[in-house]
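Everything below concerns the one structure shown next.
The first chain written gets the first letter, and so on, giving A, B and C; residue counts start at 1 in each chain.
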Amino acid sequence: MTVLAIAADLWRHAFARKWFLVLGAAVTLFLVFVALSLRLEVVDGALAGMRLFGQSTTLEITAVDVALRPIFKATAIILYYPFTLFLIALCAEFAPSLLQAGRIEHMLSLPVRRFELVLGTYLGVVGLSALFSLYGAGGLCLILGVKTGVLTLRPVLAALLGTTAFATVYSGMLAAAVLARSATSSAGVGMALYFAGVLAGYRTSLAPMMSEGISRRVFEAATAVLPRISTLGNVASDIAGGRAVSAAHVGGLCAGFLAFAAAVLAVTMWGFERKDY
Amino acid sequence: MSLAIAVRDVEKRYRTWRNRAGLCALDGVTLEVPRGVAFGLLGPNGAGKTTFIKVLLTIVRPERGLLHVLDGDPEDPRIRARVGYLPERLELPAHFTPMTFLASVSRLKRVPPLRDGLFRLLDRVGLASDANRKIGGFSKGQKQRLGLAAALVGTPDLLVLDEPTDGVDPMGRVEIRNLLGAELARGCTVFLNSHLLAETERVCSRIGIIAAGRLVRQGSLEELCRAEGRWRVRFAEGADAARLADIGFRTAGEEFLFAGDDLLALNRALDRARAAGAVIAEVRPDEKDLEQVMSEALTPAPAPLTDPEARP
Amino acid sequence: MAGPYRRSRRWPWLVAALVLLSGGAWLMSRGERMPRPKEVQVTFPRHMSASDRERLRQRRRPPILAVPEQAEPGAVAQPAPPPRPRDPLLVAMPPTVDKVAMVVEANAIRHSPVGELLLDCFVGSPEDDELGRLRSKTGLDVFEDLDRVAVTDDAIFVSGRFERANWTELFPGMKEQTPGPSTRLWKREGKDGESALLWNDEMLVVSQKEAEVRAAADRLEGRAPPANSAIDEDDCYGEIYGVVASKAVASLFENSSPDVAAKLGSITEQVKLHVDATHDVGVVADARGNDAASALDLAKTLGGALALGRAAARAQGNDNLATFLDYASVHPSASGSFRVELALPLDYLKTLLMDCPGRKARSAGSK
C-alpha cells in the first residue's frame, strides 16, 4: 500500500512536469494524426489502399497484418531503443530529487520503510515508462485495428519488452541516485548500463574477436551478468514483426533481466539501509 | 511519569572512507521528555541538535544506545505515524499545491486524505487562501507553515520541530506559538529545536542544552534559571547607593542584588535600608535568563547533569 | 523501555543480490543460446540484374544467315541489316505461344539451395540410381550437361553440352535426318510425328509434332524470317522465367476464386513469370491489364484472395500454407500493370518435401 502511494506520488510529480506533459502530448498528437489523417482501404483482409491527408499512396496489397508489420516493427524498435534512451534522460532526476536534503528527512520521518521508498520509486518510474510505451503502442494497435478490422497485440508485447529493458537499466540508475544523490550520475550509469547491455547482447560474437587470455575472460565474465539489451531488442522486433518466437526463450530472458534488476535493487537497499541523511 | 521520548547513552559517529573512527556527533546522550510537555533543545551550531532529532526518528542511524519514542521503537511505522516532524530545511515539491502535498503526507501516514480536514490544517497555519497555489511560488515562511501543517497531519502525539519559525514573520511566530500552545493543551508533546532562546523560553517548560554531542543541562525552565541564594531589589528613586552598598546591596543596573539564602538576614538588611531612607519598590528572587544559563553551561568545561527529576 | 538500538542487518541484501545476479546470468545465458528464427532471404526478380545481363551477353551467338534469294535482274540490292547476335534458345523458341513459354535455368537451379534440396529429395539411394544408369547408357549426365530447359506449348528445348551423348540409345528406333548444316533430326515413323532436333551439339528440341521441330531448325539456321521470341531478351532474368497465358493462370483459380479467374481472363492476356532461387525462392508475376482501373481492381481482388487464403489456412491449422502466403503481395502501378510477389521459404519447401521419394529410399536403405 505504502509502495503504491509512493509510486502514485511519483506519477503526480511526473505529470506536473512540462517534459512529461510534452511527451504525453507528442504521443497523443501522433495517435490523433494517425487516427484522423490515415484512411485505409481493406479488401477481404488485405490492405489495398492508403490515403494520407486525402492523398492516395501506392503500396503493395497484402494481408493487413503483414502490411502493418513494418509499422509495428518500427514502433517496437523506436520504443525499445531511442525511447528508452529518452526515458533514461527524462527519469534521471526523479530519485535524486526525492533524496535531496530537506525532502528525504521528511520522507524517512513518515511511516515509510526504506525498502518501500526504494521500491515505490522504482515501480513508479517503471510504471511511468510502461504507461507511455503502452499508450503509444496500444493506441496505435487500437487505431489501426479499428481502421482495418485486424487487431493484434504484438506491438504491445514488444512495448512491454522495452519496458523490461528500461526497468533493468533504471535499477542501476536508482542505485547510482541513492549512493551518489546526483541526477548526472544516475543518467550516466543508465547510459553506461544501456550501452554495455547492447554490447552484452553480442558477447558471443564479440568474445572470439578478442585475443585469448585474461582480457577475453574478463569480458566474458563482466558481460555474463549484464542484461542482454540488444538480444531482447531483437526479440521485441521479431514479435512486433510477426515472427514466431519461443515463449520459453522470451520468458527466460525477461526473467534474467528482472533478476538483474532485483539484484541491483538489493545492492541499493544494502547501501540505503545505513545511509544517514 | 509517562515518557514521550526516552533516550539513553546514544552515540553517533559520522564515518567516512578516510576517517573510519568518525566524527563524534552524539556522545552518550541520555534524555527523557515526559508526555504533554514542550521540550526545547538548545545548543551552539554543530553541537548535535539536528543529529539528535534525526537519530530520534532513525533518519540517522546511531552506533548504539536506547531509543524509545511514544513507548515504542521509532523504526516502527505505527509509532512514526504518531509523530509529526518538521525538518530544518524542508524541501517541498514545487509542482504540488498545499492540498496535494498534505494529501500525499496523509496517505503515507495512513490517514484518509479528507479535503475538509486538510483544509482545516491549512487554515490553522494561515495558508487557507493559498490552498490551491503551486508551492513553488511560496515564500520561505509559507513553506515553513506548510511544513508545520504536514507535521500536524494525523493529529500526532509527538511534534518534533527543527527551527519551526525560521523565516516566519513576527506575527507568524505568534500564530505558530499559539498553535503549539493548542497542541500542548490537547496533550501533544512538543520537541523543539530552535536557536531563538526567547521563543524556546516562551514555548517550552523543559530545556536541554547540548554541546559537542553531549547533553550538558536538562531540566525544567525554573530549575535551570533559578540562581541560588540571591535576591533582586528595586528601590524607589532617591535611594543612596553608597549607603545601600554598605548594608550589602550590590548595584546591578537600576536594581540591586542581595546575596544570601537567609530570609532574616534579607529582612534585616531591608530594615536598615528603609532606615537609611530608601523606599522598597520590589523584592524578588534573582533568576537567570536562558542566555546566561547557556553561557554558564557552555563554559568552560561541560558540567555534570543537574536534573533532580532525572530517572535512574 | 525497549532494548538497545540495533543496527538492522544488511548482509541479507548482499546475499540476495549475489543469488539474483547469478540466477539472472544463468537465465540470460540460456536466452542468448536460443537460436533466432531464420530470416527469410528472398530476392524478388523484378528486373534484369548486371549478372543476368552478362549471362545473356555470353549466350548470344551471331545468327546463321540463310543464302539470300537471287535478286531480280535490274533491282537495286538493298544493304542487309547488320546481323544481331541472339541467344540461340530464344531464337529456337516459337515467336508466339497460346499457353506457355518458360525457361528453367537448370544448371543454376542445380547449384542453388533449392536445387540441393530437390536433388536431395528426388535422387534415390546409390542402389537405386536411375540417373546414374541413364548416364552410363546414353552418355548424358543430367546434372553436368544440362544448362537450360525451356517449355512451350508443343515443344521442349534443352540447351547444354551434348558432345558425349549416345543418340542411338536416346532415340531408339527413330530415323535420323540432316535438315541443315548444323542440325540433326530424329523422327519416329508412324507415331504422330514424334521428333527430336539437335543443334550444334548445344541444343536439343523435342516435340510430338515434327513441324515444331522443323520450324525450330529453320529459325536456328536462318531459313525462317527473323522474328521476336515468345520470351523477350529483356525478360531473361531469374532462374525460371517466361510467359503464361492469363487464361492458363485463370484456370488455376477457377475452383477456389471464380471471381479472380474471370477477371484475370478478361483483363490480361499474358503473365510474365520470374523466379529467383539464389536463397529462398522468390516468385514475381507481372501482368498488364487492358486499362488501369480494371487492373487495379484485379490487383485488389487478387490481394484479397491471397489474404483470405492465408487467413483460411491459418484457421484450418495449415501453417505451412499460411507461412507461404505470409510473403504474398500484389503491387499495382498507375500504368495499369501489377505485380504479384510470392516467396517460398526453403524451410517451407523442406516441410513440403519431407516425404519425397529420395529421402524415403535413403531412409529405407539405411534401415
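By definition in this document, a residue touches a chain if its C-beta (ideal position, glycine included) is under 8 Å from a C-beta of that chain, and two chains touch if they have at least 3 such contacts.
For clarity, every value in this text was computed on a predicted model and none was experimentally measured.
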Any chain touching chain B and chain C at once appears in the list A
Report the most central chain, judged by the distance from each chain's C-alpha mean to the global C-alpha mean. A
Centre to centre, using CA atoms, which chain is the farthest one from chain C? B
In whole angstrom, what separates the CA-based centres of chain B and chain C? 96
Averaging over Cα atoms per chain, report the distance between chain A and chain C in Å. 46
Euclidean distance of C-alpha centroids - chain A vs chain B, Å: 51
Shared-interface residues of chain B (touching two or more other chains) are 61
Considering chain A alone, which of its residues make contact with at least two other chains? 274
Can you list the residues of chain C that touch 2 or more other chains? 7-8
Touching residues on chain A, where the partner in the complex is chain C: 41, 43-49, 58, 60-64, 66-67, 201, 203-204, 224-225, 227-228, 231, 234, 238, 242-246, 248-250, 252-253, 255-260, 262-264, 266-267, 269-270, 273-274
Please output the residues of chain A touching chain B within their complex, sorted ascending. 1-2, 5-6, 8-9, 12-13, 16-17, 100-113, 274, 276-277
In the complex of these two chains, what residues of chain C are touching chain A? 7-8, 10-11, 13-14, 16-21, 23-32, 34, 36-37, 299-308, 310-311, 325-334, 341
Interface with chain A, chain B side, in the complex: residues 14, 54, 57-61, 77-78, 80-81, 83, 85, 87-93, 95-96, 100, 104-105, 107-110, 147, 150, 160
